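There are structures below to look over.
Here come two complexes built around chain A, the first alongside chain B, the second alongside chain C.
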Partner chain A sequence: MSNIPKKHVTNKWWAALAVWGSAILFLALLPIPFRSGFMLSMLSEIGIMIIFALSYNMLLGQGGLLSFGHAVYFGLGGFITMHALNFVNDGVLPLPLEALPLVGGLGGLFFGIVFGYVSTRRAGTPFALISLGIGELIASSSLMLPSFFGGEEGISGDRMAEITLTPFGFGQQIEVYYLIAFWVLVSTGLMYLLTQTPLGRMANAVRDNPERTPFVGYNTHIVRTIQFSLAAFFAGIAGGLFAINYEIVTAEVVGAIPSANVLMMTYIGGTGFFFGPILGAILITLMELMLSNITHAWVLYYGLMFIAMILWAPGGLASLIMMHKPLWQGRVIGGVLKAYAIMAAPVVILFLGCMILIEINYHLSLSIKPEDPMHIFGIEFYAQSIWPWLVSIVLSIGGLIFFLKSRKIVSRAWKTAGNQLKQKDSGS
Partner chain B sequence: MTQVVLELIDIHKSFGSSKIINGVDLAIQDGERHAIIGPNGAGKSTLFNLISGLYEVSKGNIKLRGHSITNLAPHQINRLGLSRSFQVTNIFPKMSVFENIRCALLWPLKYKYSFWHHCSYRQELNQKADELLEKINMADRRDIAAGELAYAEQRALEIGVTIAGGAEVILLDEPTAGMSHSETDRAVELIRSVTEDKTLVVVEHDMGVVFNLADRISVLVYGEIIATDTPDNIRCNADVQEAYLGEEVASC
Partner chain C sequence: MIEFIVFSLLNGLLYGMLLFMLSSGLTLIFSMMGVLNFAHASFYMLGAYFAYQISTWVGFWPALIIAPLLLFIIGAVVERFGLRTVHKYGHVAELLFTVGLAFLIEEAVILIWGRSAPDYRIPDLLDAPLFTLWATNFSMYRGFMLLVAVCMFAALYLVLTRTRIGLIIQAALTHPEGVSALGHNVPGVFMLVFGGGCAMAGLAGVIGGNYFITDPGMARMLGPIVFVVVVVGGMGSLTGAFVASLLLGAIQTFAIGLEYSLSDLFRLLGMSPGFQGGILKDLFRIQIAHTGPILPYLIMVLMLIFRPKGLMGTRET
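Up next, the complex of A and B:
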């Protein structure tokens, strides 16, 4: 009973092997369909953000630490990597390019230990405010220390270094993509393994109930400091990859905006599951890179999505997916999926209505010549005419009414599925 | 004579100008089950908080096996072999029942802050946690989130977390508070079985539990211990009857 059965363990090994094997294969083959320069840059950016968001979740999701300054370690890791790259190119530092993100990680680790020790005596509001303060401190010192931060123009370097471990020259984006993919796999694997260690388990305990942890022998401050430092290490690796990818790091990278961004993408992805931040990083980076080409209002959509998540799905995308797991396993998910399909129509209509309203308003207030025609999905119209307003308002209201009705259909489907599940449970 | 395990010497505690504990002396013997009773607001929980390091002692000395533990941090006191439970259930709600127990085993098994051991593959650790689950009769609740357990089960888990680390001295703060009669009986059985050959100090309001469980009883009134004696003598003590027990148990 108390021994884990051998067979169970081997199954676990196979499952882990399957997951990691397919992840490696997936990342290796991804550039085949997406081979354009834009696509490869996008994939590279997504990879960097995956590491960054996962490292942030070591604080928020696993340690219960709400940080407003995690970009400090990302940015410092980036600067340190860039300096290391320049040292390599000057012939001072004999390090291969592939290993340089590790230098960024160690830099992040160093500052993580220093600032982590100072700020993690308490979680909650004191920690959040100190993290904000440290963020501001580093952001403002970036202009005072131009030799390190490079002043307003930042520091740049040439990633086509002399020393490499692979035959890659890193002149092409695809080579950088594979470097990033390698570090994504290594970092994700290590961060996952960390959750399974005594430290990772105690970080959860400190998150759940910091009053109790001292009474099982643990110093909450030290648990948090180590967890924080390791999160800063991985943020530093992400920052190092950022430096190599863009060949420039500016002071903006350590600032409040990237700190808020990583918070939001982690939260939207879901802090309760290990893979949640991966979803968030993918979704938000895609939005940032693709939606921003289409509409100026993309930040508004981003913000609305964040608020909607906080209000209606505080567990993020990951929990929205995982709540269907029991239904899926019990093979009773069909009814719920049908109800979603019914709900999809009013949701799309409601979204279209709101979107047209937002776009008209953006066109009127932000474009250079509002009296020019505007386009949505290739349809040309004038923002001053009454028709687009009428259409969008009718769509919004109609969509809302039918959305509210379809919600009942969905909740009924959930109830039925729940009952079916209970019957199956008692039947077996 | 048996050895004194936990000794309180002239303990005082004040919050601002209000004095909560006024010179408590108490010597707990090795292996005894000692109950602390007293009216509401007498300072029973405060006394536990002082012993376990949650509050700082204003004046006085606390010794565990002869070594002073006065004003050490809670985790340091815990590592020296003194473990406590809480009056309000105080577990790790989002973690599974098994994980709750396992967390309490990590430090005693010397894993410290390790981030290089994989918990799932540490056989001794998992085996011990599962054994403990059997001991507190919760093996069938193993993988449920602790926050989803019924109240009495959470109390049992609380006791499990408290004793898991193998501490010699166990402090239980009202372990049966809010339980039904049958639940209380089961809880007392549990406490009796898991604290065998340990030293137990328990704060309790239920006199049935106290007289059933304790070898000796101390009565705390307004921050002072007015009597420490065997259950039978306490029952017949005139001061105690006046201060606390009232007439109905006075059947001497």
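Up next, the complex of A and C:
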């Protein structure tokens, strides 16, 4: 018995090394298949959002702090980086471009300490409201202080700086991609290590039981403040990368919309596991960039997904995946997968029905000439005729009925798998 | 000057009344269920859009009744099938559910009525001046809004103090567990209060939507301000919400009319600020009129930090 934990630890070391090594390799090789300009800017955007979402999860997932103003630190980090970049270009500040996100991070840290100290005395709704208030304050004051926020047009700069540590000139997107990939690795690694430190553990304790934490000698307010400031630091780094990537930062970046966006992204990804927000950031950014070209309705799909997660899968995508881990390890996952395959058909039908319905409505309300024909999957039809309505309603209702039936099949498959797992455990 | 003060007071009163129509429901819901309903202003928006739609079919007066009733049903359904489902996952999930709902309602409104503001007008009957003071008209519709608001408060007051269900609601405001232990159907009361709060927000939308503006951004504009009212007024206190609504209404309308800045103050004292640029110069150039949008949030943040009970709250937020 005594050597089992030891073995476990050595396994963990190798596993960690393998995970990080393959992550580095993966990020380094990713531009080989995706070398077009669009793909590279998409990857860059995803990288920025990964850092931002992970930093948000330091609050929501690890600290139990629901913030409605996290974009403040992202945005302020972006503005500070942009000012620093302009100082560098004016020859005032001798800093290499690669280190500029750190300046944004330090800016985020500074504001994180100030606002974190005043807002984290209590968690829950008071914290949420203060973060909302601070977010609105900064967003509204951004138009009043044009010398820092640049007014309506924001602040722009030229990232092709004189001083760099690498031979990169940052004229090409791929060089920016590698800069972002580097910071993603560093920030992700640091944020992961933070969860293993006493601070990370105490943040969890404060989240789970703020009444008891003082009894073991920790000040909940201080723990929350430190956790909050560090989250703001990483948000600032993400903001700095944003500034370098787009070469412009506008007042919208500190506003309520990006704050809500990072919250939904993180929640959909899953707050209970470290890698959850990464999934969320990838999925939502992909959706945003891919779907927003195709349909006006993508925000609605996004919202529906968020609500569905809250109602039926509060652990997010990550917990949906991790739920299957014991079945996978016990090699009894086959039955469940078969049930999923059966469930897939009604889900697709239901989705198609709802989608057509939504698209018809959007076409009628938002397009310039609703009388024109519309296209879904290359099929041309008129929104005014009754057939598409009929088809979509039949598909939705039929899909829903069979979906409800197939849910029983899935739950039965889960029950069988659970029993098999129990038998195996008792057998071994 | 007197004209400015009188009309600012009247407009502030009007705006404050509208805020109270929203915040009274929100504060009831918040203190009873502990859920800060982020979608509350979305119900206000739905009220305005429903009223617009109904008024194009059957006119404004039926809309005044039908739209709040519809919102009562929608609110009750949301509570029964949405909030009660997520309740078991805790407060954060409930809060997030209302955030997602606000998001969805905004998108659904865009989906159905489009992005541009619909032509929701005040009824012709009330489109006339009620009285004229110093050559400025006070329209009949404003008087009507005040009347509706006052009637609503009277009704709310009577329901809360004179009926059995009102007494249960009052008790549940401060001691929800105790009321439940006495054998009252607290979930049913929750559903009722949630629906009622939504109906009041909807009524505010019906009479406010054509006076201000009806567009998909109206919920996002007003939503955070209503939180400010609830926080400043204090949890569980309708009187507090009333005072805070009027206060915020007055502050915002007065601030808009005052075009003074710090540099004006310095000039008055015979000094001139010696900044050529930078943030300090920006700060000195800000007029009070520009601070209108940020003042409520500043008040809310300071209130939460220094007096979490609010003006008249009975317990902390």
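Convention: the second predicted complex is superposed on the first by the 418 of 428 C-alpha atoms of A that agree within 3 Å, B and C clash if a C-alpha of one lies under 4 Å from a C-alpha of the other, contacts with A are read in each partner's own complex, and residues count from 1 in each chain.
In this section, a residue touches a chain if its C-beta (ideal position, glycine included) is under 8 Å from a C-beta of that chain, and two chains touch if they have at least 3 such contacts.
The structure displayed is predicted, hence computed values, not measured ones.
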First (chain B), second (chain C), both or neither touched by A:Met144: second
Contacts of A:Asn361 with chain B and chain C, given as first, second, both or neither: second
Touching partner for A:Ala344 - first (chain B), second (chain C), both, neither: neither
Chain A: partner with more touched residues, chain B or chain C: C
Chain B versus chain C as contact partner of A:Ile379, first or second or both or neither: neither
Contacts of A:Val92 with chain B and chain C, given as first, second, both or neither: neither
Touching partner for A:Ile310 - first (chain B), second (chain C), both, neither: second
Chain B versus chain C as contact partner of A:Ala205, first or second or both or neither: first
Of chain C, residues touching chain A in the complex: 34, 36, 82, 85-86, 89, 91-93, 95-97, 99-101, 103-104, 107-108, 110-115, 220, 224, 227-228, 231, 277-279, 281-283, 286, 290-291, 293-294, 297-298, 300-301, 304-305, 308, 316-317
List of chain B residues in touch with chain A within their complex: 52-53, 73-75, 78-79, 83-84, 86, 90-95, 99, 102-104, 106-108, 111-120, 123, 126-127, 130-131, 134, 139, 161-162, 164-165
In the complex, chain A residues that touch chain B: 1-4, 193-194, 196-202, 204-205, 207-209, 211-220, 222-223, 226, 230
Residues of chain A touching chain C in the complex: 60, 64, 66, 118-119, 121-122, 124-126, 128-130, 132-134, 136-137, 140-141, 144-148, 256, 260, 263-264, 267, 297, 299-300, 303-304, 306-307, 310-311, 314, 358, 361-362, 365-366
